[in-house]
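What follows is chain A paired twice: with chain B in the first complex and chain C in the second.
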Partner chain A sequence: MKLAEMRESFNDFWSEFKKEKTGVIGLIFFAIFLFIVIFEPFLLPFEDANTRWRDISYWEDWPKSAPPAWTNWFTSEKKSVTGTLTEYSESSQDMGAMVMKEFVFEYDYQYDDAPNDIIIHGDASGQPIVVVNIVRPDGEEIEVFQSAYNAGERTKDIRISIDNSSRSTIYNFAKKYESSENLSNVKQGLIKTTNGIFSKAQEGILRYPEPLKGEYQIKVTAILRDETDNMASPYIVLPGKVSGVLGTDSQKRDIWTGVLAGVKWALLIGILTAIVSVSIGVIYGVISAYLGGWKDALMQRIFEVFVSVPLLPVLIVLSAVFEPSIWMMVVLMAMFFWTGSVKTVRSMAMQIKEETFIEASRALGASNFRIIFKHMVPILIPYSFSSMALFIPRAVVYEASISLLGLGDSQIVTWGQILSDALNSGAVLNGLWWWVVPPGLAIAFMGMAFAFIGFSMDKILHPKLRTR
Partner chain B sequence: MSNNKYLVEVENLQKWFPTRRTMGEVFKGQQRYVKAVDGVSFKIERGEIFGLVGESGCGKTTTGKLIMKLLDPTGGKLIFDADDVTHLDKVGLDTYRQNVQMVFQDPYASMNPRFRLRDVLEEPLIIHKKGGTKAERMEMVKKALNEVRLQPPEEFMVRFPHMLSGGQRQRGATARSLILNPKMIVADEPVSMIDLSTRAEILHMMKTVQRELNLTYLYITHDLSTARYFTDKIAVMYLGKIVEMGVPNDVIDNSFHPYTKALITAVCEPIAGKVNRIKEVPIKGEVPSAENIPQGCRFHPRCPYAIKECWEKEEPVLEEVEKGHFVACRRYKEI
Partner chain C sequence: MYWKFALKRVINAVIIYIILIFIFSALFNVQMEQTVYAQIDEAIKMESMQLTDMKPEEMQRWAEQRKEFYYKRYNLDKSVFERVVRRAVDALTFKYGNSSIIRSSGGSRDVRTIVLETIPRTLLLFMTAMVIDILLGFWLGIKKAQKPGKGLDKSTSIVTMVVYGMPSWWLGMLMIMAFAYMFKIFPSGGFLSTPPPPAGTLARFWDIIYHLLLPVITLVLIGFWGRAFLTRNIVLSTLQEDYIMSARARGIPERKVLYGHALRSAAPPIVTMGLLALLVSFGGNIIFEGIFSWPGMGNLYWISVQQNDIPVLMGNLSLTTGLYIAGLAILDLIYGFLDPRIKVGGKE
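What follows is the complex of A and B.
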């Protein structure tokens, strides 16, 4: 087929496809998925998520099991949203024997519920002493942290978590204001550090904290006693009570990131499996129909063996035996999915085979190969496309099922694996709906998109299968 | 190249299709057959147009397909150009296909609707590896289209079959069969699906091509009038056997076999006053099933002249009653 012809027939197809509303909806969803895949590097909040999804240290700064940030819109008590502070004013003071470097961060706190922690990061080298002071809107200044680091000659990332290291400091700070009755009810080791920092200095600061809204200053001071000592480019993470577009899971991972990263795998698994299996199925069906006789009968018996094997148990067993990888899964699914189109193709090919032009071709001396691939298969291409579109959701759901059972490819993030983690962590029992619903919906939408496209294509292309 | 006078010799050719067996027959080891072609013999001279005439289901198309080697004969012998081609291997078949080509009844169905005319015509060249480059092949396609008077060829080459009229399609189909320079063409009712107005034109074209290229035709038809116009020799088939054979004038104007006579009577004549009269055809009934061929003379149940010996004695054989005029009837002299 020439390019112009293809464009012509595509235009015909498109003008009919436009009239199918469901098809257009499916296509829009597909376009959105495609957009996400193409612009994934710009859309992912965590750029290394693809490689470090299962790396606990990558996610350690973030809150655990936090609902999505937008849940604040529906509640009167505004919970703190996870944020990072990267802007600071830097000043340096030479004090002869040592240099004091001060980084001042501004934090505008306007929530009702304090963040979980204040985590300070910075690149350090040598042996700096790091001091953290917090200046509250009411003028109180608390020195929450002080410690000397031994970073060595290389520049190293240091991490300071206020929640653990400053509990006693905050307790001592709060003790001044809290009533003795309340104090007796509070255990020092169990107080929430950030509650003390972000609450009004009054009675009940520990027992019934009231938020102190306003501008906070977090001063990070590095005392450098040597030429080699240094501290640079600090930033602060405030893991909030709510986080991100779709919240976080119990392993502190951002679910929105996971869902976005899963799009490409779902598309890849779906499309690859569909193309491979439909191609095999169409060719198998055509060959079976064309050869006829005992060869056809034999091929149909083989086909029936494959049809009667239940795929899911086989996949489960094979995934357990082999190192499960996405490619193996695609191969396995293709090995069983090809049966889906065989019967239809065979019956269509039976009809095509009786056409005079096939006989004419044989009379010209055409080989079976030529007749099958030049005359018969091209007629079945429209059918193949629509059936591919219908196979994609099946493959996506199967991969999700396998992953849900914990037998997925551990190198990648798929929706099924997010669901699997959710199930294993008791997300449903604990009411972490933001962990279960989004990947589930994503699977449903992906399936719906291709099912819509497939049904519409089927509707349009089917009448044209008749060659006359 | 042999100097044999005959290009094709068919000797007692048979094609029996086995029927699906019932359980009882499987146990008894029986097998019934549909005897589509049941012992056909004829010879076609070089450069001759041989007509095979008969009503639907008489086995004439099957005979054509046997000669085309689209079907394997059950029995008998097929000799082409002095070579026995009854059973051929792959290489032999390849050569044979270049020598014998076919024009089908429905010129639209015989072309892949997705192929342009040039692709349709190029196909035999690709299959038989004729013409080294695409450009060379296209030149050959043009030449073939010129031969069948599809002019200008450039214009027709890019068309799809559905963009051609019936006559143009059949010219295209003829061009396809000519492009390999065959010695013989089997034309299976090439004009029966074409408008009456263009029929003569196509037949004329085919005849011109035949003379120019010195081709041999096997012309299969149910239409006696075109057969008479077109052929050099006619064989009338009934239920898988030839019942009468000879030059058209003998067979049509001086027919001996009652079946031939009935066929001739059945031809419509567009003459005022005659068209709206339903003709009395001397024979009765329908063609019996080829699965269950009558005893004795296979025509006797329908024959108005049948007498006892027709079904009690063995089947009459084709014998030469005049010079070059063969008839298979016991009573041809009496009727």
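What follows is the complex of A and C.
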């Protein structure tokens, strides 16, 4: 087929395809997935997520098993949303022997349920003493933290978590207001530090805290006693009760990040497997039909052996025994998926083989290779595209199934692995729906997109099923 | 001539089974032998515990001798090729050896016992789901084919595509979350309550049904759209045949054309497609059982992968393959019986 012919037949096909609404919807979905893959660096809330998904320290600042932030829209009690404070006013005071550097953060607290913690980060070097004060809207000032750091000569990230370290401070602060009856019902070691900080100073602050809304000031003071001592570029993380677009899992990872990072792997696995297996299947079917005779019979026997393999069990056992990488997995899947298109292709090729133009080119002395690849395979290209589209969801689901068993490639983040973590951490049992629903929905959406495309193409290519 | 066709098909299936078992044996030979070595070491350790007052050198020599004895017994001293052949023959005669950790409900460590007791449960689950699935799909498919392109047909076709790439086990997770934990209607999984009702009573029967409901509903919910779509396509393409046209031209009422003429020739492919789907789901929904902790073959894969119990994994794989091939052969036999054109066999 010449290029112009190809373009013409493509145009014909496209004008037919445009009329299939579902097909167009599928293409739009596909475009969205492609968009996510291309602009992934700009879309990911956590840029290192791809490489540090299983690194606990990367996620340590975030809340554990927090629902998505938008759940606040449906509740009357507004839970605190995870936030970071990066803007501060800096002042420095020279006191002779030492320098006091003060960073003041403003936090406008307008929720009904306090954040889980206040985490302060900063780049420190030398041996600074760090003091954290919180000034509440009612004018109370609490010194929640004080400690000397030994950062050494090189600049190092320091991390201060209020929750544990200042529990007794907050207890003592609250004791001034709390009734003795309530105090006897509260264990000092079990109070929530942030509840004390973000609640009205009145009776019941520890047992029945009422939120104190307004402007909070978090003052981070670094006392520098030596020239080499320094503290710079601090920021504060407030891990909330609700977090991000899709919440977090029990290992504090952001699920939205995981789902976005999974798009490229799903597409890669699906498309690569589909292309390889359909190409093999089409070529195999054509060769088998064209050669005929005992060669055809032999190829059909081999084909039958492959068809008789129960695919998922074999893939599970292969992955369990050989622990394949993602590339190996694609190869393994393609090794079995190619059988899917052989039967149809062979019967189609049987008809094509009898056409006069094949006879003509054979009379002209064309080689078998030329006839198969130049004359027969191109005719089957439209068919192979439609079956490719329908293979993609299968490959994605298979990869997810294998990952669910914990046999996936541990270097990457796929939807199946997120679901596997969810299952193993009891997300189903504990009703963490924001962990279970999105990855599966993503798989379903991808399946749907390609099913839309594939079925629409099928409809055009098999006119008998037409309804118009 | 049907029996000739049948015999050919059965022999073909047996040959394929033998080939596959040989491939598996060769492919997983190293892993299988690793467990055998581990088991031998364990056995020698156990025996040496009973020995007292022996000098270290004597002990060493004794251990060597035992090792040699066991290697001979398990044919580990033969060539690789012979080992693979022996292993394949063992697998073909259903001698799968002992498991390393997993035990059957009766406490046996024989792999065959462990795998065999899971098969009926798997069949129960998937057969039930498939029967409901085919009946519902058949009904809906005919409805769709009667008015193609209209509201019902279009909307259900869209649902078909929506659930096309949806993993059944994921829907299972959602169903458990919703109907076992949020609304406590169904049990969260398993096959029987604890403590189980005594065997042979009606209470046990109802208990199994109760545990069967949620997984079956899930399977049907995800499966029957596809069945309906397939039925619709087959019926629709039959309806465009010339003899349907002539039947309509003769003034035969549309109902009779559909049920009397079209369905008669459309039924065999629909039935076999349904059975094929049963087979595929048998192989493909393996994960599904694990989610519902339904103690079938799929769940056994799950457990043996987690416990790294290679003999059970291999035994399970061999039996699954056997059942799968047998299923395919039976399917062809049924199809050949229903559709006489097939019996001619192979010649186009």
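For this structure, a couple of remarks:
In this section, the second predicted complex is superposed on the first by the 452 of 468 C-alpha atoms of A that agree within 3 Å, B and C clash if a C-alpha of one lies under 4 Å from a C-alpha of the other, contacts with A are read in each partner's own complex, and residues count from 1 in each chain.
One rule holds in what follows: a contact is a pair of C-beta atoms (placed from the backbone, for glycine too) under 8 Å apart; a residue touches a chain by one contact, two chains touch by 3 or more.
Bear in mind the structure is a predicted one, so any value in this text is a computation, not a measurement.
When both complexes are overlaid on chain A, the residue A:304 reaches chain C alone and has no touch with chain B.
Of the two partner chains, neither chain B nor chain C is touched by A:278.
Counting residues of chain A touched by each partner, chain B versus chain C, the larger count belongs to C.
Shared-chain residue A:357: touches chain B; no touch with chain C. In the overlay built on the shared chain, the residue A:440 is in contact with chain C alone; chain B does not reach it. By the touch criterion defined above, A:407 reaches chain C but does not reach chain B.
Applying the stated contact rule after C-alpha superposition, one finds that A:49 touches neither chain B nor chain C.
By the document's definition of touching, of the two partners only chain B reaches A:375; chain C does not. Applying the stated contact rule after C-alpha superposition, one finds that A:429 touches chain C and leaves chain B untouched.
Common to the chain B and chain C interfaces on chain A are residues 467-468. Contact residues of chain A toward chain C in the complex are 22, 304-305, 307-314, 316-318, 320-321, 350, 390, 393-394, 396-397, 400-401, 404-407, 419, 422-423, 428-429, 431, 433, 436-437, 440, 443-444, 446-448, 450-452, 455, 464-465, 467-468.
Against chain A, the residues of chain C that register as touching in their complex are 12-13, 16-17, 19-20, 27-28, 31, 148-149, 153, 157-158, 160-167, 169-171, 173-174, 176-177, 181-182, 188, 233, 236-237, 240, 282-284, 286-287, 290-291, 301-302, 305-306, 308, 310, 313-314, 316-317, 320-321, 324-325, 328, 348. Residue ranges of chain B in contact with chain A, taken from their complex: 68, 70, 93-94, 97-98, 101-102, 104-106, 108-114, 123-124, 127-128, 173, 176. Put simply, chain A touches chain B in their complex at residues 1, 355-357, 359-367, 370, 375, 378-379, 467-468.
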